[in-house]
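Same chain, two partners: chain A is paired with chain B first, then with chain C.
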Partner chain A sequence: MATDAILSVRDLSVAYGQTRILDGISLDLEQGEFLALLGRSGCGKTTLLRTIGGFMRPEHGQVRIDGVDVTRLSPEARPTAMVFQSYALWPHMTVFGNIAYGLKLRGVPKPEITRRIDEVLALLRLDGLADRKVTALSGGQRQRVALGRALAVAPRLLLLDEPLSNLDARIRLDLRHEIRDLLKRLGVTAVHVTHDREEAMVMADRLALMNGGQIVQQGAPAELYDRPASSFVADFMGASNIITLDVRHADDGLIVEGPGIAPARISAAAGSCTVGDNCARADIHFRSAQARIEASGAAVDDELSLPGVILQATYPGDSYRYAVQVGHDRFLVDDIRKFSEGEAVRIVLPAGAIHLFPHVDAQSAA
Partner chain B sequence: MTQASFWQNQAQAPKQTLAARIGDLAGGGVVGALAVGFCILLLAIAIFGPLTNLLLWTVAEQWYFPHTFPARYGFDFWARVFHPDGNAFVSLRYSLVIAVLTVIFCLSLAIPAGYALARLALPARALILLVFLVPQAFPNIPVHINIARVFYQLDLHGTVGAVVLVHTLHGMVYAVWIATAAFGAVDKTLEEAARDIGAGPIRTFFTITLPSAMPGIIASAIFVFLESLDEFTGTYFVGAPEITTLPMLMFRAGMEGNYQVASITALVLLVPSVLFMIVVERFLRADVLAAVGR
Partner chain C sequence: MAQATAFYRTGLIMNASRFSGLLLVAPAVLFIAGLFVYPLSYSFIDAFTVAGDAGTRFSLANFVLAFELYGDDIVFTVLIVGLSAVLIASGAILIGGYITLGTNRFLVNAVRILYRWPLFIPFIVAAQCMRTFLAKNGLMNGVLIEMGMLTPLETTGFLDWRGIVITFVWKQLPFVALLVTGAMASLDRAGIEAARDLGAGRLRILWQIVVPQVMPTLIVALVLSIVTMMSVLSVPVMISGHSPTMMTVQMAFRVNAYHDYGTANALGVISYLITGLVAWIYLRRGVAGKGGEK
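Right after this comes the complex of A and B.
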């Protein structure tokens, strides 16, 4: 691919003994780009990060940084710096000592070290804490020291291993924006591992969603959100209401129907079900916020209408959230209007809210 | 009594202190209180009796058989023991030199051994740890007699080196076990972070791993030091009569009926033990302590 790629991963496979963790991963990252590796625990995202950092040896495949093959190099020989999930700050050193460690190693003269650390501390809003023991810092401050330690050595590639997962929810929300802003200002190229979809979408330029040791979809946050390539991606990206229906082809679109559900003509639905023959049965994914609830009325063209009963009505803020029973399935739907429990209603899905995928059995999907 | 009422009674019975239980057994009331007092007195005598006796002997100048307490008090014997030409100074010097050498020798073996046992995938790891316990497990005297025999043949007998070797044998179990636990308690990601930022494995060991394990290492050094300071049988078989450490001096004084000198020496030996135990208590973290021997 692009010749100016900072990081280029080719067909990377990693195994722990007999267990295959990564299976043929390929990835490119350009100067200044911020990539998030997203996925559930055990999907291999951390293993990929640690293999890029040099802490694990791949079975086969290649990792190149700045065009140099680093696959067989140890961590200290790679131009990468990692921010660890546990921060891994050295407790026997001060904040200054932690951040200065990498600079001292590189033989940077003392006055230059002091100057650069003052700069880093100011950048991370840690002024005046240089002589503090790291054990005397708050979680958010430790996190910033860990980031400072990695940034101080001016790495070609910054690796972030769930850097926010040990922090309070409030601080986490602030730091997302702060870190993105900082890395963009410095033009740092970074790979960020997280299981938090929102965090990944807010912080990264590009997402790589992983499952079972493979990258299942890559692209800008909006792309994965609006055009998920598979049932798994749609589910992970928040379209987690799923109903399985029969699909027929019509002149200009698809006819969707099911037991107790009136046939609806859908002109254009997102997903991989537009070519008919592979999905006589399809999984329809939709987001709680993109559906609405109607008390009565007839179905309109280009909308799917699911008759059901409200089981539970809650108010998490902004709008009501309803648990609606449709046949044997249960869905969560948000609507700003008030309905009461036990009321017979219809869930209405406009064509834009529908993501259609060929039906997969629960067993094979797992 | 049914099962349910049994549990209820258990729950209702208030927690009893040992003293309250003794008082109840004696019938409660004044008699009970007296019984408790008597038990405390017995305990106090058991603990402080010998110590009081030792303290009395250090300041007794004359103490003959029929008398319960010394006939004359004074610090005469202190002056004699600590006379610049006296045996005590020679013994103190021997004891300190041997203890310091033992610590250095022990740690120079225990630090690499502890690191290897904690971090490398060694086969029969548990067995290796157990081997260090063997010198403590066997009866001391036959072990020391055999060592003495070997040292005679090697012409090592009666040298400081011989005594240091025997003390090291005993100190190794503390040094290796505690060092293994101390290295095991060091978070691996601390080392990974150093490697990641550009440090090689050797620099990582000396700047990150060793300083992180240092509290445990210091604690093990103190244990080895105290063990060496108090060691008697090994020193006796391998070092006597050339090497006279403080315990040897104490033994000889005691055998000669010179209780004043023996008691004063004992008191001197007590000082580093008490001081160091306070230090150890500060240095040895619970997580290290919990991992000892694992």
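Right after this comes the complex of A and C.
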């Protein structure tokens, strides 16, 4: 256990009736660190956040904040503050009333409350709105008020429950950077729940990717992106084109081949197939943007070449996006060059674009 | 030509739909006109007129008599209904608050089921039940004596103003609690959790977060309840025959004993003005609330 950890979660399990939601979660968070809990709907990320906040009781396991066991404490007794997905502002109060509420409960003298709220409003660019009813604010302003209400009480740990998911895409992009910048300046330790990979990568120092009530991989955003530990992580982190091929070990790397796909020598590929012989059949994951399309030409070393036909060509901006049929599989590949629908092409994957994992049968995985 | 025919047809269809629309609302309009507007107007006119040798003429004599004879009853009615409304509001907030914020699932479910029962009992049955329950030798004192909390000599009957208040509260509390609990249930739970998260206890959350947000519903429910209590005759007649009593009893008395419809109608107009005042306060509040939201 890290001794200087602000938050320390050990072997935490939570169930709704007979359904196990969290299964043996452990994690640590240090002062000033920003952790994102990332995962699909129902993976348990919000339950973990709510258990840290005291809104849910675990079956077993421990939550410690600043070394103090808070597992059995109610939310009001914990040094945490949560920002809710729905903002959860009180519509009968003004901006000032909402932000001042926690300070009034703590018995802070009035002049001090006014001073601190002025500070918070300035920080959040809400100057001049103190007397406005929260119902008269825009979505972005409401989210800032919700953040201000949580920050005003100077919590040891800030909990953010999908705080940006109700906002327009444009405002969301701005607020990501704004919130990260603000929390870093204030040195706030925070746990942020989101299902948006890009949002998590932009905002957090560290990601904890969850699946089925467990943390499947933790690390810096680049680590999860470049070195996913499993097929699931690779898929979630955007390497969602998957082809299953045979793998042989050669002296200087791996040889990958399949029906209609010429053997290719790959010197180094990310994933868990690089050592050992546990994957005679492997799932190859690759990202649309890291592959390229070639009209013709022979395969070269350290590249995998998948022959196929372009089914659909679209232009979402920056580059063309092609749906390419390779055997029974269909892949999405981005390329800045223009190709026509129906054209016979090759998808070329450099070794660096390939993530290899032992093949998982879809039926057994389900 | 074809266009003109089409236009003509459209006109016909519109007229037909308008006609059927009128036909649909006609029963309701006739019902209100025949059973509410006509008798109300008649009562108003009757309250403000007296019959003399030269025919009926405008006069405030009925009101003068009503205030002279029944001034105490008017004050009594306002106090009884006011006190009942305060107790009903408090009870509804506590019941709704417990159902919304309570943590003991069994007790919350028990309260949720039990509190509605009196809703389905008519006033006259409620009054009869209270007569046997609150009398000097009634069930309540019997139970207290059995429990050793009172001796037979110490017992007193509650069949006076207290009995009326208890019956009104018992009968109307479920109605107001039903609306208030519904309004509380529709609040964003996250708002309540946010207050807990910042350190607020349950009572504080109820008073500072929940009640202000359900206030419009509470006031509507209370206005409806006040109107109902103002119009009930059976409860004051059966629970307490003493003077002062409620205005409805005196209205019935003027009609039954003296055939004095003028004074009875004057009392009716006064009670109408009292409920109107309550409704006006509510409407003003509603307008102010909406203005504040802009």
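Just so we're on the same page, the second predicted complex is superposed on the first by the 364 of 366 C-alpha atoms of A that agree within 3 Å, B and C clash if a C-alpha of one lies under 4 Å from a C-alpha of the other, contacts with A are read in each partner's own complex, and residues count from 1 in each chain.
Please note the rule applied: a contact is a pair of C-beta atoms (placed from the backbone, for glycine too) under 8 Å apart; a residue touches a chain by one contact, two chains touch by 3 or more.
Everything quoted here is computed from the prediction, not taken from an experiment.
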Superposition on chain A - do chain B and chain C clash or fit: clash
Touched partner set for A:K133, first chain B, second chain C, both or neither: second
Which of chain B and chain C A:R64 touches, first, second, both or neither: neither
Partner chain(s) touched by A:Y101 [first = chain B, second = chain C, both, neither]: both
Overlap of the chain B and chain C footprints on chain A, listed as residue numbers: 53-55, 74-76, 80-82, 84, 86, 88-92, 101-102, 105-106, 149, 153
In the complex with chain B, residue positions of chain A that touch it: 53-55, 74-76, 80-82, 84, 86, 88-92, 101-102, 105-106, 149-150, 153
Residues of chain C defined as touching chain A within the complex: 188, 190-191, 193-201, 204, 209, 212-213, 292-294
Of all residues in chain A, those that touch chain C in their complex: 53-55, 74-76, 80-82, 84-92, 101-102, 105-106, 133, 135-136, 146, 149, 153
Partner chain A, residues of chain B touching it in the complex: 187, 189-190, 192-200, 203, 207-208, 211-212, 214
